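Sharing a structure with you now.
Chain nomenclature is as follows: A, B, C and D, assigned in order of appearance, with residue numbering initiated at 1 for each chain independently.
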Amino acid sequence: MNTFKFSFKNDYSELAHPNVLKALSALGNTQFEGYGLDEYSLRSGELIKAKINKSSADVHLISGGTQANLVVISSVLRPHEAVIACESGHIFVHEAGAIEATGHKICTVKGADGKLSAGDIEKVLNTHTDEHMVKPRLVFISQSTEIGSVYKKEELTAISEFCRKSNLYLYLDGARFGAGINSDSCDLTYSDIANLVDVFYIGGTKNGALFGEAIVICRDELKPDFRYFLKQKGALIAKGAAIGTQFEALFENCLYDELAKHANNMALKLANGIKTLGYGFLSEPETNQIFPIFPSETVKELHNLYGFYDWQQIGDMTAVRLVTSWATPESIVDEFLFDLSGT
Amino acid sequence: MNTFKFSFKNDYSELAHPNVLKALSALGNTQFEGYGLDEYSLRSGELIKAKINKSSADVHLISGGTQANLVVISSVLRPHEAVIACESGHIFVHEAGAIEATGHKICTVKGADGKLSAGDIEKVLNTHTDEHMVKPRLVFISQSTEIGSVYKKEELTAISEFCRKSNLYLYLDGARFGAGINSDSCDLTYSDIANLVDVFYIGGTKNGALFGEAIVICRDELKPDFRYFLKQKGALIAKGAAIGTQFEALFENCLYDELAKHANNMALKLANGIKTLGYGFLSEPETNQIFPIFPSETVKELHNLYGFYDWQQIGDMTAVRLVTSWATPESIVDEFLFDLSGT
Amino acid sequence: MNTFKFSFKNDYSELAHPNVLKALSALGNTQFEGYGLDEYSLRSGELIKAKINKSSADVHLISGGTQANLVVISSVLRPHEAVIACESGHIFVHEAGAIEATGHKICTVKGADGKLSAGDIEKVLNTHTDEHMVKPRLVFISQSTEIGSVYKKEELTAISEFCRKSNLYLYLDGARFGAGINSDSCDLTYSDIANLVDVFYIGGTKNGALFGEAIVICRDELKPDFRYFLKQKGALIAKGAAIGTQFEALFENCLYDELAKHANNMALKLANGIKTLGYGFLSEPETNQIFPIFPSETVKELHNLYGFYDWQQIGDMTAVRLVTSWATPESIVDEFLFDLSGT
Amino acid sequence: MNTFKFSFKNDYSELAHPNVLKALSALGNTQFEGYGLDEYSLRSGELIKAKINKSSADVHLISGGTQANLVVISSVLRPHEAVIACESGHIFVHEAGAIEATGHKICTVKGADGKLSAGDIEKVLNTHTDEHMVKPRLVFISQSTEIGSVYKKEELTAISEFCRKSNLYLYLDGARFGAGINSDSCDLTYSDIANLVDVFYIGGTKNGALFGEAIVICRDELKPDFRYFLKQKGALIAKGAAIGTQFEALFENCLYDELAKHANNMALKLANGIKTLGYGFLSEPETNQIFPIFPSETVKELHNLYGFYDWQQIGDMTAVRLVTSWATPESIVDEFLFDLSGT
């Protein structure tokens, strides 16, 4: 598409892992039930429930992350209720007002390192005290976050406990769930997350699937009628089997984790090489998104060779975002480091 | 999935035509731009514009029909404006209130044979005269319709002319566009439709694609900012190339029309066989959905052998819906007729 | 304003009963709490709860009927849930899509004489069976209805029982509550209504108040956070005392019932006079809205003398709507009958 | 109501100026057209258009400020468009998510002294550059602001010019329009405001009316169909004459300005007295809301005598909000100062 060597713009630049495409092709002309009631969807749901060790969960497969966020959030909240999120939260910045379009305000706090704390949430509650203001009811977090950081078990537990005692639901956006849970910095298991949050989704699109996200509902009162919400928002896909078979391929043999580990490893190698060359980072690299800071002149040169986004201007330096994926070849990482060393 | 021989339940029971899957696999690990800005999406847009002979049109690829309807309709209307549709319209009956959820009322008329007429539309205008009522602004029709019928050129022209003189937009839901345009009963060309309506979509999901619908905007004032609407409703898919390459496969060599013709032919053969056996129909078969009327006892027996939906009870007879697709084998049609003759 | 003798157009053509205006003036420069937390609002709430004999009810005062409908309905329903109403229901016809603008579909049935029956409601439930359709959850009725008829105790009891066993809420629009409950055809008491419906409102605007409607919530689970809904829809009026003092005036000494009885009596006298002159009616006169059928020529002459709306053309006859109010002088009724006899 | 001497909590604690009540009573049983089409509404509209010297403007009377904001904003914006406002803006903080409930995001900037600048607005535009974010389209300001400050002519002109060259609409919330325009700090005329903003409202509720706000639309393309928006949001009041006659009373003889001046003067006297006693202010007193800073101990004592809101804790000091109105007696101001001097 472009003339540069490789794109580190994002982790959805390549179509899908070969095993996923193979699974799709294997369906041939088999007939299946529509709207996610097929055997592939059901089996992938079972695989996911086994993985998170929670047989009581409900699993719903849909096609994209913004869709997951808007369906889940609008299904949980009554009209006067609001979401609490970080200022860097995807729903607040990069979803074209999708949540507000369903009628709900997002109450933001600055957060630190892309993450909320129980204290942040409490501050929002303390300033929303009567009917002239919205009523915060749902906490939105991302794992890994929009800037590549991860919640540790202690942090997520503190948030979860605070939410439960404060009558708040906790929702985790897992667009990059794989990168998060497979990060060396992350001491949370699949099961931990299923126990600590009320609803979350496991992102396929950014980790080897052609498309698809698996919404997992852990809290009983959020389960009824969820398929109505999917349908109403245009998220109940006719050929649900097309997502089901992909999640089967991803969760049958830990492919999902392997792909995420590869992406993380490539980012780590990239980060270490960059550190060795003497550059610093906007935040400590933890997953497949890293934010090195280069002289702006260097950034300009790199743009001739690689695709990536500039993130923040800092004097005459520029922090950039480099994203690796399940498909990033190690050779390209080496090449980038070599090219960088020559700038 | 089920133990019966074959399902005539719908035209999205099989995954995708082999050429479509081949096109997907051919992408390999090529990197592409996100969100529909890739070369595959662009090329498929060009193919579609050539097909409809309107280079000025805008084409947007999304993943499903309800999504297409809710995005288009909510992008066109201001808050007080409403849609006019048939009582049998998909948006009125089978989208879980998706249109109302975007804030808009659907004003229905009974219609005839699943179709609106200019006179029907006029009646709605005549009863919506001041600010105590909604203001009808968009007319919704389907081709082929929800009950398998098709608008003829004369009918669509009359509607189009009435809409233009009445300051109404005209939107055509083409979930089964292929079946409609390739029906022997249809004297409309792709180009006719692009000239007569303001916005429409060409459905891929029900005609050989894995998933995907191509929204085509013909009217200039409906074009600006459309990608915002897609994003806000969760319809801007990250890997747009995954739809783009499918529509390329479908429109490069008239595969789209061939598949629809096959489906229509299978339905026609089925219909003729059923007629020969002496049965009548709820409405004249024109596309890949047919509605024969059998004795309820016969229907019961057929349910042991085939999947299909009962449509309407008529005394001790039952009208059923049989749907064929691009993948329906002719041998199954023969078998169904044979089984029917033995009931 | 107009040059005709008198307007029978509606029951909100005159400002307010003198006692109401006196109550307002009596407040002088007294300071009161804002947003309905004042003593006047509280006292009027107590008067209403005594009147309906339900001390557990919640009473909220707001400024108009469409507002009452949209606030109540959107507070009760989750996004995928819908209202069941008559085709003649005010929310369906004459509120400019206010309910749909809050995201909810109205499922209509034809009804009879402006009224729903349990059987009508059941029919809607039977055709809304899965997540491709909205989920009916609230039944909307009006007392008196939009065409002046009234539900009898037997009818309302049957609806109430059906709703309770079917997990449906029952909401009564009381824009003309006074005319309904004080109709000779109505065998329901205030207390009956409070026991049979889940939420309703008692209309002030059309029965002597300057403006104001009293929403009464009987069902416990509909009470929490209601003031948030009021505020969010712009219905939490800063000077709630202005409505409170009016409802005090109306309910202290049965003024509310007296005014409604006067309106009904004037309508009855008008109807009897019209009958005596040999004319028929579109529906049997029961409250302060009557629908006589005159030769169109007569209607034309009457329009020179009186304000009223034409309702329906029936061959060369025209059914018209005549509305009386608490302020309609008996002399004008006599004059109208005299003028009619001379046409 | 309370046992304290006087409430400085807000400017809607007293019902209405005697002239306003007199005007209401004067209507007697006169019949008028419904829904704001009466002669009183029309005449008050003419008075307002004369006052702002813009005969082409459209004037609509409604019952409250939150309602005005939500109707205007949702009428102006398409679904993907957003509002720019100060973090202290009423719509962002104190309207229970009313704007988001109509589907729109509010993009906030910190502002200074409760006011936006052209530079603030530009910053928002610069960070909203593609369809992954909302599209800012309307700027919301208040005059006087939520913290009592006023825009000067130079400031408003700069904002207006920036908006016009940037394709942004400019909306002014005039809940306290009277206090703003009659402030000694304000060099703007009624006519200036009508020329610089696209739509605004003149608040009655907080300046002598029983209730009522006059929305004034100056920009032509915002005028069509506005009554539909009013109706759909429950803001088209049946007895519009009840607001019309009040605005007639307020604008016939400059009563509106006189009342605002009285409120401002009382606040000024209070402020000057407080300064004389040696206390400072959170912001310079300019209108009828002032924010003196007292020792928290003093505040505690004052709460025994007067009603008012604590605003902000500053170490062991507390900034409080004191609001005067058209009805605040000068003697009470003296008494407050006397009591304060004794603490």
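The rule is simple: a residue touches a chain if its C-beta (ideal position, glycine included) is under 8 Å from a C-beta of that chain, and two chains touch if they have at least 3 such contacts.
For clarity, every value in this text was computed on a predicted model and none was experimentally measured.
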Interface with more contacting C-beta pairs, comparing B-D to A-B: A-B
Taking each chain's C-alpha mean as its centre, the one farthest from chain D: B
Geometric centre distance via CA averages, chain C-chain B, whole Å: 43
Chain centre separation (chain B, chain D; CA means) in Å: 51
Approximate Å spacing (C-alpha centroids) for the pair chain A, chain B: 33
Chain C: positions in contact with at least two other chains: 79-80, 95-97, 101-103, 131-132, 134, 228, 231-232, 236
Of chain B, residues touching chain D in the complex: 74-75, 78-80, 102-103, 131-132, 134-135, 225, 227-232, 236
Interface residues, chain A side, partner chain D - complex: 79-80, 82, 93-97, 100-105, 131-134
Residue ranges of chain C in contact with chain D within the complex: 1, 6-7, 9-10, 12-16, 21, 24-25, 27-34, 38-39, 63-71, 95-98, 101, 205-206, 210-211, 228, 231-239, 241-242, 307, 327
